[in-house]
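In the two complexes that follow, chain A is the common piece, with chain B as its partner first and chain C second.
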Partner chain A sequence: MRIGVVTFPGSLDDGDAARAVRLAGGETVSLWHGDADLHGVDAVVLPGGFSYGDYLRCGAIARFAPVMQPLVGAARAGLPVLGICNGFQILCESHLLPGALIRNDHRTFLCRDQRLRVDSVATAWTSAYETGTEIVVPLKNGEGGYVADERTLDELEGEGRVVVRYLGGNPNGSHRDIAGITNARGNVVGLMPHPEHAVDTLTGPTTDGLGMFESVLGSRVAP
Partner chain B sequence: MPRVVVDVMPKTEILDPQGKAVHGALHRLGFDRVVSVRQGKRFEIELEGDLTPEVVAGIERAAGSLLANPVIEEFTIHVEG
Partner chain C sequence: MTVDTVKHAAETPEHPQPWAELGLRGEEYARIREILGRRPTSSELAMYSVMWSEHCSYKSSKIHLRRFGELAQQTPVGKLLAGMGENAGVVDVGQGYAVTFKVESHNHPSYVEPHQGAATGVGGIVRDILAMGARPVAVMDSLRFGPAAAPDTARVLPAVVAGIGAYGNCLGLPNIGGEVVFDPAYAGNPLVNALCVGVMRHEDLHLAHASGVGNLVVLYGARTGGDGIGGVSVLASETFGDEGPSKRPSVQVGDPFTEKLLIECTLALFAEGLVVGIQDLGGAGLSCATSELASAGEGGMHVVLDRVPLRDPTLAPEEILMSESQERMMAVVAPAAIDRVLEICARWDVDASVVGEVTDSGRLTIEWRGETVVDVPPRTVAHEGPVYERPYARPFWQDDLQAAGPSSLARPAHPDDLRATLLRMIASPNLCSRAWVTDQYDRYVLGNTVLAQPEDSGMIRVDEQTALGVALATDANGRYAKLDPYVGTQLALAEAHRNVAAVGALPLAVTNCLNFGSPEDPDVMWQFAEAVRGLADGCRALGLPVTGGNVSLYNQTAAAAVLPTPVVGVLGVLDDVTRRTPSGFRTPGQTIYLLGTTRDEFGGSEWAHVEHDHLGGRPPAVDLDAERALAEILVRGSRDRLVEAAHDVSDGGLAQALVESCLRYGIGARVAVPAGIDPFVFLFAESAARAVVAVPRSAEARFTDLCSARGYPYQEIGVVGDAAGTPVLEVREQFSVPLAELRVAFESTLPALFAPAAAP
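What follows is the complex of A and B.
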């Protein structure tokens, strides 16, 4: 299975995302923001970073990058897409996911190992977990506050589309402790924490993030 | 040269941490009668040619899709000069 990792000007975590894909048993394809097609990949990761310098709003300019035009169409047709941090912001700006990310309520950039609960395993990116599993992965952002109107939040909760939730205190003012969500079909997932930084014990706090990549690859070996 | 100005503000129900930080700084400077501050963005867009209603409508579409995110912001447009 070939997984594309998009690099925008200002992307930071494309290298780690590609490494996570390889560690999970997948083949990676580098996609450039200026590409007008997806080179036949089977899934796409939009990595973390500061695309276009976070100018205007985080993800607002990346949304209109050439690679996003085929990506939005393919995502609507069912292509698995994972947006991490800045990638989540881009998915919201693209209206592939509802809501928006705003500046952390405490106004400071936060970088720490974050405890999360996997609330939905009915997505392309979380099927390898069990519902309610607690995981620890790094969280690092200045604009990670998830906001949406009450109706949208009720809809997300009612349809089981909250994928991961913060545990041990809300780190950024996100409504209802939401750390990540999915679309109605479950193929598009966005989250602020960084599973790609928790794929081996040498560089990450845990290997809990590997499951996201193993989910899409169907490569998880039963313990 | 005609100029269209787009003002973008966070919606009132959306938390504005930057406005709060500015508010706090104003208090430290002694402006203690300031009750609240909200921070937005102003875009000054210069255009060539005549400013027809179609051109202004085009800017309005650009404001709603790129300059402002209607999920968290609202915008107003006016023509200057």
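What follows is the complex of A and C.
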């Protein structure tokens, strides 16, 4: 299975995402922001970083990158897409996911090992977990506060589309402790924490993030 | 706008020029006239004034820094690939890899505009490393502020931290460590020192030469604007006074996104072998890059200033030459390679422009609107600036300071007093948790961070297949250095060396950033000379080269200089990062040893500072042979997997080290005060050459043999873990504190002082 990792100008965790895919047993394909072609990949990761510097709203310019054109269409047709941090922001700006990410309520960048609960395993990226599993993965952002109107939040909750939730204290003021969500179909997932930084205990706090990549690759089935 | 051309200058010898306002002395201006045989044009004057400033020319420090050049140009594992003369020295770390690292100050800009000052400090040091041909892989920063509770510290610190974070995080470089220190001496003159480390293959080493007549000079990166004009000479070489106009516009504004593109673009140029020579544009901007490249190469360069892409089209040629706009690089490339170079720049959306060519004229000539505005021998600008032998003398107050030792200070005697002292100490601004600061930095990006703060050293994996890695630590103790600059500097070296060894890495090389007051004050100059002598002698004793450094002078407000603050960085190598030794206790039942000798040493200690606001006496004794032996034990202990945790004992003494090792993973410890030593001295003395280690039972005999074979003192002082129930740190027959109580004391201080209130 070939998983594309998009590099925008200012992408930072593209190498880490590719490493995580490899460790989970997948093959990676580098996709370039200026190339409106997905090169036949079976899934796509939009990595963390500061696309185009994020001097406007985070992700607001990346949304218009040439690569996003085929990506949005393919995602609507069911292509598995994972947006991590800046990738999540881009997915919201692209309207593939509802809501928006705003500045952390404490107004500082925060990097810490974050406890999360996997609330939905009915997605392309979390099927290898069990519902309610607690995981620890790094969180690092300045604009990670998830916000949406009450109706959208109720809808997300009602349809089981909250994928991961913060435990042990809300780190950024996200509504309802939401750390990640999915679309109605379950193929597009966006989350602020970084599963690609939790794939090896040498360089990360745990290997809890590996399951996201194994889920889409089918290299680990749910127990 | 009239342009002051070379022709015009020759015709108007009496034309008055603002040399004094640009920071030049009368004799320096006279020397420029003598070199040129006429008065300089205003563009030439601009170039000389910035390049001959203290910051760029090292005119007061040069004669002392020669001591570093006299050290053997090799590390314990081989010859240096490039020495001090380059932007940063290059160290062979084995397996075909080389590492370059350097620390640089951005003190004055960070006081004037803390956010941008600190941010551009990171950007500048990253470009320095990039210019050596290396991929930057991590940053660290060493910060010093006024009193933690002072209102101005609340202005400066959060903005400095946010600036470092905003730049480094957006650039995608993990921040793996550093220091945060508070002292009244830094009020009005904070120290912001940024370190960057980069990795390359041996064959990728690039040096700052403009060679090959006919080769093209390419300026690429951000457009040149009006920011930072005169920043170097106006900000870095003058002391802050109470009067005078606002200097804010002199600080540069950073754009980390452009720098990220610049890095990727530059590495792509290197990868295809397109670059003959390269130089970053930092302090003194184009003046520095053109004169240094030309001076180090064939000796000639012709530049057409009209071709410099401008952000502000109204800039005069002098301003273009002096602008310190960030995120710019200058490369020398062969004419045949230019199309490919421009193509790669375009792919990364980086503006690039051919601004000149290498000549054999021996002159740096610069034209503007068809007329020559600069015609100088480049060496006289870049490498043959003035050199001063500033007078220096041991201050009259030094004896009194050393005589006023801490022996008369009241000490805690009762166990309850010791317990209360411990809790106050770990909550004090210099000893408390740095997490509020370091949590604002991304330590995970690039996926090679093996250790970061609060570990003794930062550690980066260099090769994913072989697990080769490097470790880095920076240390300084201005209080020790004030009491004795020679010993204090060696203590900083010793501590950084120990911190690198504690994680299991073999120390290889040293860099430094020497932050001092005005060199025109003989007291300060003596401190500086002693510090350099101490560091050179210390490096010789440890068998390490100094691979680079930076000097920051004029760190003072009115008559008061900062504490002499020689920041020392040590680089180490590990052939296998999976055997790193972290600082936290993990496994109950393991034996805790204290390595080294504890003496009644409290001069300059944190205890004297926190409990008595006292600074006097002598700093702890330094014994570099002992440091070397200790490092061998720690490195061998890691290699043979005899040690599961190791932690340097320094500021705050053993008590601080134990608290940190316990809190890391929430595992307690029970220790006992050995017979014959006072409990207070045991817990709080700051004797050097010591470390705490946790050793598995099965490895005890081999570990103690390791120490005995080197005649190194060790004491079994306790055991990891506790009997049952809630984890505690217990000092038998003295006191016991639950870790939860320690944690509150240790972690609350900085957030209480600096965290902004949550948005409504």
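What we mean here is this: the second predicted complex is superposed on the first by the 220 of 223 C-alpha atoms of A that agree within 3 Å, B and C clash if a C-alpha of one lies under 4 Å from a C-alpha of the other, contacts with A are read in each partner's own complex, and residues count from 1 in each chain.
FYI, contacts are C-beta pairs under 8 Å (C-beta built on N, C-alpha and C of every residue); 3 or more make two chains touch, one makes a residue touch a chain.
Quick caveat, the model's predicted, so the values are computed rather than measured.
Shared-chain residue A:Val147: touches chain B; no touch with chain C.
After overlaying the two complexes on the shared chain, residue contacts for A:Arg57 are found with chain B alone; chain C is out of touch.
By the document's definition of touching, neither partner reaches A:Arg165: not chain B, not chain C. Of the two partner chains placed around the shared chain by superposition, chain C is the only one that A:Leu110 touches, whereas chain B remains out of contact. Of the two partner chains placed around the shared chain by superposition, neither chain B nor chain C is touched by A:His33.
Shared-chain residue A:Gly15: touches chain C; no touch with chain B.
Comparing chain B with chain C, the partner in contact with more residues of chain A is C.
When the two structures are aligned on the shared chain, A:Glu93 is found in touch with chain B, with no touch to chain C.
When the two complexes are laid over each other on chain A, chain A has residues 103, 105-107, 173 in contact with both chain B and chain C.
By the touch criterion given at the top, residues 56-57, 60-61, 64, 92-93, 98-100, 102-107, 145, 147-148, 173 of chain A touch chain B in their complex. Across the interface of their complex, chain A is touched by residues 10, 14-15, 17-18, 20-21, 66-67, 69, 71-72 of chain B. By the touch criterion stated above, chain A contacts chain C in their complex at residues 9-10, 12-13, 15-16, 19, 48-50, 52-55, 103, 105-112, 138, 140, 142, 173, 194, 196-197, 202-204.
On the chain C side of its complex with chain A, the touching residues are 162, 165-166, 169-172, 255-258, 260-261, 348-349, 438-450, 461, 464, 577-578, 755-756, 758-759.
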